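Chain IDs A, B, C, D and E follow the sequence of writing; residue 1 opens each chain.
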Amino acid sequence: MLEVAVRHRLGDFTLDAVFDAPQGLTVLFGRSGSGKTSVINAVAGLIRPDAGRVRVGDRVLGDTAQGIWLPPDRRGLGYIFQEGRLFPHLSVRQNLLYGRWFSRSSLPLDPVVEMLGLGGLLTRRPGALSGGEKQRVAIGRALLADPGLILADEPLAALDEARKAEILPYFERLRDEARCPILYVSHSAAEVARLATTVVVLQDGRVIRQGTASEVLSDPAVTPAGIRAVGAVLEARVAAHHEDGLTELDACGLSLFLPRVRQDIGAPLRVRIAAQEVILSRNRPEGLSALNILPGTVDSIREGDGPGAMVSLDTAAGRVLARITRRSAEALGLAPGVSCFAVVKTVAIAREDVGGA
Amino acid sequence: MLEVAVRHRLGDFTLDAVFDAPQGLTVLFGRSGSGKTSVINAVAGLIRPDAGRVRVGDRVLGDTAQGIWLPPDRRGLGYIFQEGRLFPHLSVRQNLLYGRWFSRSSLPLDPVVEMLGLGGLLTRRPGALSGGEKQRVAIGRALLADPGLILADEPLAALDEARKAEILPYFERLRDEARCPILYVSHSAAEVARLATTVVVLQDGRVIRQGTASEVLSDPAVTPAGIRAVGAVLEARVAAHHEDGLTELDACGLSLFLPRVRQDIGAPLRVRIAAQEVILSRNRPEGLSALNILPGTVDSIREGDGPGAMVSLDTAAGRVLARITRRSAEALGLAPGVSCFAVVKTVAIAREDVGGA
Amino acid sequence: RPVVAEPVTVFAAASLKTALDDVAAGYDGEVTLSYAGSSMLARQVQQGAPADVVFLANTDWMDVLEADGLIASGTRVDLLGNRLVLAGPAGAAPVEIGPQLDLGAMLGDGRLAMALVQAVPAGIYGKAALESLGLWAAVEHRVAQVDNVRAALALVSLGQVPLGVVYATDALADPHVDALGVFPQSSHPPIRYPVAAVAGREDAGAAFLAFLTGPEARTIFAAHGFAVLGD
Amino acid sequence: MEWLSPAEWEAVRLSLRVSFWATLVALPFGLFVAYALARWRFPGKQVVNGLVHLPLILPPVVTGYLLLLVFSPRAPVGGFLQSLGISFAFHWTGAALAAGIMGFPLMVRAMRLSIEAVDPKLEQAAATLGASRIWVFATVTLPMVLPGVLAGSILAFAKAMGEFGATITFVSNIPGQTQTLPSAIYAFLQVPGGEASALRLVLVAVVVAMLALLLSEWVSRRVAARVGGA
Amino acid sequence: MEWLSPAEWEAVRLSLRVSFWATLVALPFGLFVAYALARWRFPGKQVVNGLVHLPLILPPVVTGYLLLLVFSPRAPVGGFLQSLGISFAFHWTGAALAAGIMGFPLMVRAMRLSIEAVDPKLEQAAATLGASRIWVFATVTLPMVLPGVLAGSILAFAKAMGEFGATITFVSNIPGQTQTLPSAIYAFLQVPGGEASALRLVLVAVVVAMLALLLSEWVSRRVAARVGGA
């Protein structure tokens, strides 16, 4: 669906990134300076790489071998830049509508304005906006261009949690309605887990790992975002909505309880369970406030540099990761093949870790 | 120590913020557009408010009633702007050293360069840096000015987790060595809990709440950063460093185990325990991987809109908050006065939630 | 004289402006007067300017036009003449201009204002006069040359220089300046203002040319200090 | 007493007309050349740059003479244009041409400086939103360089109001046709006692140009206020 | 055959000297005025603005005449300067003064445009780091407006190379002292058959000015490359 191969030199830095992602939202993940923005700029046609090929679906946006390199305006983009880049001479409304001048369709303004909370700002100029407000206008401007490919470079970095929670579902919907592929840069494991169809991990300009969110985030060896980003992603279906506000999921026969989600019964869902939030117990625990208890078998124990150990547990619902202390691992006598129970709080699975699959 | 009172109109927006913070790091917390940057700009002297007074220790930086309003260059600042503002015509090294030209002292460059990972970039110009690299240079530039007051407007927003983990201790040290007061804007509850001496919550230009990090973040009624930010902050002392990489804390007689911290034995420490990571149990649980078990008595149960309930538990170590489902609360028969146990994983207390007190 | 003459366009040397404006006012027909430097006017005529009559301050350029066949044959008249004077501040003592004149002493450490001695007629005549009187060597390095004779007069008038070589007509009109002496006519080539009709346009220009040489015009020119030739 | 004679009024009107058209017609060319010099790389760029500056370097009389040589009815170019019914020599359009050419380097420099100051990142942003080059120019670059366009225009206009040497050499000094204010002033300065009349005209020129200047400053402030915002 | 006569060489040298000093001395004043016009509010700002533009609006001869009026020994200013032993009359310094004044509006406009384009947020950032106004100017504003300073200087220099009317009126045409290239060219154009000699000098003027232009473009590109980075 999205094929990217770029080789380009920038001073001492050499970008040499090749990946191929299916339909959906592809997250570029990597440390500061690893080349994420450079990849996006190449896809956008803002840099012409020394050699490269970019294809979205059947559309070849560029192929240096064939001497093709479409200019940005013919790529049908919605690019949310890392640094805003609003037009200072246009009002917020004019900024938002800018892309519409050039696209055939005309998405309605109001829903986007409402989602982004820009209602009172439409007549202002960007110079009179706060940092987060600017960022939100930039998001709206890209979305309203009705793009065939969205490029989002840390779109939510400057926003507060509450606002993030309002915008994330919009990206989810874009992804799920297969409206257009999305290439998304983020440093937040929660965002990645929730949004990513595919995660591409960059390091020093090279792709060092690529896979689904569950593969990449549950690989303790690849923890580009730090140890806290490690977690498993389980696939499940909505089984029931209970009256007390909980939703029960069916993860291959195992029940999982979550705070109510909006998906309908039967809908597929992905749930990220951070490794550090899983408690292990040799016996089925009783009388705990935690509602989710998954029986499984230890697959491997990987000890880190510190006091921790990463336990991979095979459950009926799939692989679950638990990060516990070595002391606990020893106390519980954990070893490959030993059966035990994973305990996960219902509310520890926060909303941003749950997304439609 | 830091006294701020500002009244200022910006278009439709009226800033009317008054607060008074003790020595240490004061976090300004609030949603996008609530006036955080405006407050900082007033403190920096970049805007001259309609009426206002700013005092740091004994130094009155401005008092419109007395007709005093020092220009920015006479305030001894280190301001990390929300949007970088590097000097495009100077190299990274020259940017970093800019403030030193004007301050009497001369902090050494190397430790800061190393902490910020700028070693290879010193001869570059800002135009050839990535977003995160720019942000790091901006941090370094402010710190190297050897300021008497640090103003940091979302300094870590564009950075990856690993880099954040390297920079946070530096701010902690600045705070603890009482080198200078710090006014800090952040949207991250973890950062707030770890760094804040005082938290000032802004909404629509007004201070709606002020207190210590533990007070503000453990108030379920004030959850400006979303429900996940709620948590209790416990004061403890380092009791022992164990060989298996764990540190044992003494929280008023209760033991808490953490991944090894660098503080010496006897040093005071603050630990944030996020409400959603606490599991409750009526009986002392056995055979769990979780090492921290705190006995206590239920003080109150506050039910939210959703399926959750916030349980306040009085323990010997202080107030602990647990966010559990209402279903669990009922199943466990929790009510004020009931005694129960709080279970917290060692590794769930991540490094960024632990800071010197 | 025709009752209503054809409209006529006259290209005239700028130094003629005051006099020619007065003359044209008495002409019974429409006259358009374009004043500029003689060299400019001549070049413009060479390039086909819509002039019917040219009236220059310089015989050289008229010779060029004539050689190029650009003026109607038989219409050229050297109509006016002028004199060179040594101008000084108003009230200064008159001097006799001749070889004995100690111009250097009169200048003191000041300079002698002239029009460009290689290029502008007044300067060319002035240099010739000083040379023939044997005075040039004494002042050669003390000359301040300007692009036209009026500017030279201005230098004297403003006291920027003690003396200048200018036309009598100019010195006459400036209250701050007196003509201290007149250069002998023999000391320089005669100063002539030739006028002619442009070839191919003599019909339009004939009437005005006739008027210019008539008694009414002569009186006016004389009143402005010109010598009217051909009397 | 009449303050200005009808012929002088005519010169004022003509100067305004000449300066206005000189500026207006030079504007698109100036903008194009400025953009090309600021943003494109092409062979002979320095030659174009040099040509643009030429009128500044040459004494105006030389420029006027060159114009006369090129555009006179007797010259090939001028003859060709005349056969098309276009005439510059000895016509007010020629005065405008001369004034426009003399002001051209000033106009181009100001515009070029402004264009160079526009952040290409904003133009890139417009391109990613689907704007083709020409639209990027019209909707982003041009609005942002308006202050420079205005500054360049006012310089060119002021220069046109004061232009003399090239104009009088090229189109002569024909009242009602090509006699602009500076030519009229010149003529007065060439005769004894003309200073007072010249001074009057100088004052008129100064007043007119100052009004234009004030207008441009006002427009410029409005534009800046629109862009500045905060 | 000598290509240029010694006197002509002298005129070339003098033109260069006059233009160089005119530009150099005008520079700090131009920068100051440009900064004041761009950034300050003060009463009479529009008057200053108008005065700066005056040499552009007035025919050069008038400017030269006004200079004469102001600096002649009879005028208060000229008299005062003379009592200090400073004289511009008939001296190359006077030519530089005239050339500088004629180029001043061009210089100021270019610099002003550049100063207005500097983002005040960067200046604020410098101030928060302890830089006083003057340091902010020296370390942030000035380096960032260098392209404008350069553009303004080259315009002024080019103008000075071509300036004729004001110069000859003010300091006349004294070989070796005040006979600049344009005066020499003008003189040739006044006499029949002088065109060839004039053309030679024009070529010299063009070559010299083009070299200066190329130099400025080169410096400007280096400055821009330093600032641009990416």
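Things to note:
Methods note: a residue touches a chain if its C-beta (ideal position, glycine included) is under 8 Å from a C-beta of that chain, and two chains touch if they have at least 3 such contacts.
Treat the numbers as computed from the prediction; the structure is a model and nothing was measured.
Traced through touching neighbours, the fewest hops from subunit A to subunit C number 2.
Common neighbours of subunit B and subunit C, listed by label, are E. Relative to the C-alpha centre of subunit E, the farthest chain centre belongs to A. Interface subunit A/subunit B: over half of the residue numbers present appear on both copies, so the contact uses mostly the same residues. Between subunit C and subunit E the centroid-to-centroid distance comes to 35 Å (mean Cα coordinates, whole Å). Here the spacing of subunit B and subunit D, counted between their Cα centres, is 60 Å.
Centroid to centroid, with C-alpha atoms defining each point, subunit A and subunit B lie 25 Å apart.
Of all residues in subunit B, those that touch two or more other chains are 83, 124, 128.
Each of residues 61, 65, 164-165, 186, 189, 230 in subunit E touches at least two other chains. Counting partner chains per residue, subunit C has no residue touching two or more of them.
Listed by label, the pairs of touching chains are A-B, A-D, B-E, C-D, C-E, D-E.
Chain contact summary for the complex, subunit A toward subunit B: residues 10-12, 30-33, 36-37, 82-84, 117, 120, 124, 128, 130-133, 135-136, 153-154, 157-163, 165, 187, 189, 224-229, 242, 244-246, 257, 259-260, 276-277, 279-283, 285-291, 306-308, 322-329, 331-332, 343, 345-348, 350. Touching subunit D in their complex are the following residues of subunit C: 9, 11, 14-18, 32-36, 40-41, 43-44, 47-50, 148, 150, 153, 169-170, 172-174. Taken in their complex, subunit B has these residues touching subunit E: 44-46, 71-73, 75-79, 81, 83, 85, 87-90, 98-99, 101-103, 124-128, 141-142, 145, 151. Residue ranges on subunit E touching subunit C, taken from their complex, read 61, 65, 68-69, 72-74, 89-90, 164-165, 168-169, 172-174, 183, 186-192, 194.
Subunit E makes touch with subunit D in their complex at residues 46, 49-50, 53-54, 56-62, 65, 105-106, 109-110, 112-114, 116-117, 147-148, 151, 154-155, 158-159, 161-162, 164-165, 182, 185-186, 189, 198, 202, 205-206, 209-210, 213-214, 217, 224.
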